[in-house]
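Shared between the two complexes below is chain A, which pairs with chain B and chain C, respectively.
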Partner chain A sequence: MSVEAREKRQPWILLSPALVAVTLLLFVPLAFIVVYSFWLRTATGADQTGFFLDNWNEALSDPFYRDILISTLRIAAITTLVCAVMGYPAAYFIARSKGNKALLLLMLMLPFWISYIIRTMSWINILGVSGAVNWALIEIGLINEPLQMLYNETTVILGLVHFLLPFMILNVYVALESIDISLEDAACSLGSTRWQSFLEVTLPLSLPGLAAGGLLCFVLSAGTYITPLVLGGPTDAMFANLVFEAIITQLNWPLGSALSLMLLAVLGTLVLTYNHFLGMGQLMKGLG
Partner chain B sequence: MDNTKRYERLRERYLNGDLDRRKFLGLIGAAGLAYGVQTPFARHAFAATEQVRFDGWGGVVSEAFRKYAFGPYTEKTGIKVVDGTFGGSDEYISRVKASQPGEYNIAHLSGVFDYARYAGLGLASELNEDNIPNLKFVIPKLVDVFRKVTDGKLSCVPYDYGTTGLAYNRKHISDEEMKEKGAKILIDAAYKGKIGGWSDWRTRIWYASLQTGQDPNGAKNMDAIWDAIRTHRDLALKYWTSGAELMSLLAEEEIYVTEGWSGRIYALQEQGHDIGYMDPPNGFGWQECLFVIKGSPMEACEELLNFMLAPETSIAVAEGQNYPPALDPTKIDLGKKIPTLPAFDPKGTLDGLTFADPTYWNGHEQEWSKKFGRIQKGY
Partner chain C sequence: MGWQVIRGWALAVYLFMFLPVAVVVLLSFNASQFGSFPMTGLSFRWFVELAHNDAILRAFRTSIVLGLLTAVVSTTLGVLASLALVRYWVPGRNLISTLLIAPILVPEVVLAVALLLFLNALSINKSFLLLLMGHVIFTLPFVILVVQARLVGIRRDYEEASLSLGASPIQTFLQVTLPLLAPAVFAGMLFAFTISFDDITGTLFWKPGGVETVPTQIFAMLRNSISPEINALGTVMIFLTVGLPLVGLAIARRLAMQRGS
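Take a look at the complex of A and B:
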């Protein structure tokens, strides 16, 4: 075999374990889900095999699913916006700090050492009727009766921001780190103020990082079901809760499959749009 | 398939004329030879069952099982009990459906409707009752209802019973008010934002039946029921999804009133919380069983069931989990604590409890669970 042919094969050999894993763990199960979405659930809970479009008809034409999907996308958009507003200054601070960057990044990663569910549930002890905030407000005399702060859409968004903020900060940080700091100085030396140099130079150059962080936050929050389950009220369900309910509570795997593919299609379109305009390279940088 | 079934099938084929006499006798002979050869090793093969998987409701219930049943059983037999939990039988059935035969073995199911549903999905095993002599101590009525579902055979042993009644915080709601309002307190606007409820469609429909003055096992006006469920949803702070969440919401005073599981409320009372408990007329009674799933190592499972039904184990578990055992109080002395537990029936007839009719509930399961899912989310 020629050296050229061997060099051509080498990347594929190196990639093959990952490709096998992705095929077996992602594409094959996905194919099963596609097949399932055309089956039907019988009255006993067993599945009826075949090719039926009933689940797709229901998923695409029923306003119930459309409304929850829109509500999910709205919550995901608000979460992403809050993460961007809160995350950018934090990332900027870390990127521009001198000497203690490693410590700050370590602190940023610390929450990942604790389970996401535990982190979500911790808000119950903070915002609950007998939680830390109510206790403090009563102690300092600001209120007499505890405030009802939990189990609404705001607490769902709060829980999501808590979970996703580090993803945003990391992506923006990576983008800011790659900007040559002398560009800001150059802008200042040409007469712009610090604020102008930030707006005209730094912010535009860091936008790919912001977009990558935004994409991650949006996709992850739109697909969550734990946060609304733990911190939401009776009507704060998101689309993934519908998938969970169809599959687990109603034992309707075919409908659950159709719903999960619908969510995948919406989020997939978003990722493809991002890739078309910005490319996936920035996202990979942010993921380390 | 056991040997008896194999012989019966063989005999049927012979009688149908599918096998000639010579072949039939030859196969019987071969089977006999195989049995003779394997018998000396069978004991070792059965002994090879190293573990049995048990899935239950978690929390104080699982703690009681671990402490009083699984630990001593493993010590005695050397068979490990892998102890899993679930939030409800719907969730569990989904897991079993996705599993390989034999992966899940025994489940602590609630209600005859669950038993019928699992049997309907082809998950019922067939217990050899000779291997469970302690079954004789169980209240006959509890055994009979299961037999009816599976043509006289059993796939489970009854284990305990309880109720889903009304739990309320006595600091904010008096016993008199509860007696006066009954199930309707869950749709009382005076407690908006302080009401809870289990996110289980059966329980919601059951209580809506009581709130609308209908028979929970035969409601006629479903529109009124859905309206009552909507009213409850709009007044509720949270639908709880597990016993632990129920206890936390009540203990932390996030909610003042909800329906709740009798044993969990008793546990809260034991912890010193001033939580009252009341079964309204036609309150939701249920009986739990230990269901053996098809494909499980039957002898090991039967041994575990027999061990768990032994009066000393059963009483200890009942005292730990706060649900009365299925043991017949006219045959067994249940000690001092059990007669104080909510829903306990000293006569063992259970006439005072209303159980869910499996035909009625399972017949509407597909339609109602879906409809409730929508209403729950604001529709």
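Take a look at the complex of A and C:
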């Protein structure tokens, strides 16, 4: 074999294990559940192969599923918005700080490394019936009986914000860091106030980072089922909880396939739209 | 004035991130029967009970073995793929990159369902093997992103020098490239291990009955009520997951410094 031919083959040899893994463990399984979603689970528990629209009919027309899909998207949107409002000034602070930026970033990354389940359940210690807040309120005599603050939609959002805020801050930080500070100074020296120069120069330039962080927050919160199970009440199920129920509890795998694909379609459309307008570059910068 | 507001805001955000975690650590030393306020005194009793809890020790073993295997497999695949993407001209490079990071673009629940049902159809039931394959596939994109970022910074001159001085490609890879790659490999493995160790979303779908990882064990314990033991376990996890990357960072820095000198 010629040297050139070998040069050409080498990258493919290096790439093939990863490509095979992604194909066999992601793409083929995804194609499989598309087929599976048209099968039927019979009363005996066996699958009836064929082409049935029953699962899709149920998933798309039952108002129960539709309502939960809508409330899932609402929760994800609120979470994203809260993350943006809380995270942007914090990211701005780190990016423009004259102090030890590396330390500030490291401190932000620490909660990132702390287990998701621990961080989620930590709120029970704060807001639970015998948690810190109730104890403090009783101690200072504001209330006599502990308040029931947990297990509602607000605490689900709180848990999600606590989990996702570092993603937002990191993405906004990366965008802010790449902006030349002298641009802001130039705007100021040309007569605009600090606030104006922020609104007209810095903010627009940092929007890609905000969008990348927003996409991550939205997609990750819309796909969660653990947070509602830990911090939500019986009526706070999100769409991924329905998937979990169908697959693990009811063992109705064809219906579970259809529901998973519905979630994938909604969130996938979002990711593709984002990719079309902004590309994946900014997102990768924030992750890597 | 404006800067003061921003600083105060950032401080509040940091407090929001850290306070709940700090309370977990604080309560894990609580001497009282119930894992709640008021604190009645400092005690290590919950850690002692933890050390005697077989279910938790088993979960730790499972998580560590799973994390290590995931790290080795995922990093091997990831380093090879990253080498190809950074070092060679590959037609359709963007498409390949997108395919390789696709596992993080698909919601993890959907990935979990698809993998479970597909492998089940191939008669691979819920098992440790299924868990491992699942963990490999969703850590792979992170490994590739981290390793690629490190690889870009390594100059090719050393390898070219080695080759032109008569070393074979394999010798060059083992004696020049691999040592240069060490920090990237290390970072990839650390990342894969930590993500695997922390995962619960996919794990709950893939784990066989009776097998628990640390996060699923905590989740199962939460179903009853929040006991001081969970806080103690949380504290151990916090020190492990925060301590490990910090130690890793220090080692990576030392490796980089040795190379520089």
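Definition applied: the second predicted complex is superposed on the first by the 270 of 288 C-alpha atoms of A that agree within 3 Å, B and C clash if a C-alpha of one lies under 4 Å from a C-alpha of the other, contacts with A are read in each partner's own complex, and residues count from 1 in each chain.
Note that in this section a contact is a pair of C-beta atoms (placed from the backbone, for glycine too) under 8 Å apart; a residue touches a chain by one contact, two chains touch by 3 or more.
What you see is a predicted model, and the numbers here were worked out from it, not measured in a lab.
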Which partner reaches more residues of chain A (counting touched residues only), chain B or chain C: C
First, second, both or neither for A:235, with chain B first and chain C second: first
Chain B versus chain C as contact partner of A:45, first or second or both or neither: first
Which of chain B and chain C A:264 touches, first, second, both or neither: second
Touched partner set for A:150, first chain B, second chain C, both or neither: first
Touched partner set for A:99, first chain B, second chain C, both or neither: neither
Contacts of A:191 with chain B and chain C, given as first, second, both or neither: neither
Chain B versus chain C as contact partner of A:130, first or second or both or neither: both
First (chain B), second (chain C), both or neither touched by A:116: second
First, second, both or neither for A:245, with chain B first and chain C second: first
Contact residues common to both interfaces of chain A (with chain B and with chain C): 124, 128, 130, 229, 247-248, 253
Chain A-facing residues of chain B, complex: 88, 90-91, 93-94, 97, 117, 120-122, 193, 201, 233-234, 236-239, 241, 248, 252-254, 365-366, 369-370, 373-374, 376-379
Footprint of chain C on chain A - complex, ascending: 7, 10-12, 14-15, 17-19, 21-22, 25-30, 32-33, 36, 86-87, 89-90, 92-94, 107-111, 113-119, 121-126, 128, 130-132, 135-136, 162, 165-166, 169, 194-195, 219, 222-226, 229-230, 240, 243-244, 247-248, 253, 256-257, 260-261, 263-264, 267-268, 271, 280, 284, 287-288
In the complex with chain A, residue positions of chain C that touch it: 2, 5-7, 9-10, 13-14, 16-21, 23-24, 27, 34-38, 76-78, 80-81, 83-85, 87-90, 96, 98-111, 113-119, 121, 133-134, 136-137, 140, 142, 144-146, 148-149, 194, 197-198, 200-201, 204-205, 214-215, 218-219, 222, 226, 230-231, 234, 237-238, 241-242, 244-245
Residues of chain A that touch chain B when the two form their complex: 41, 43-46, 64, 68, 124, 128-130, 148, 150-151, 229, 233-235, 237, 241-242, 245, 247-253
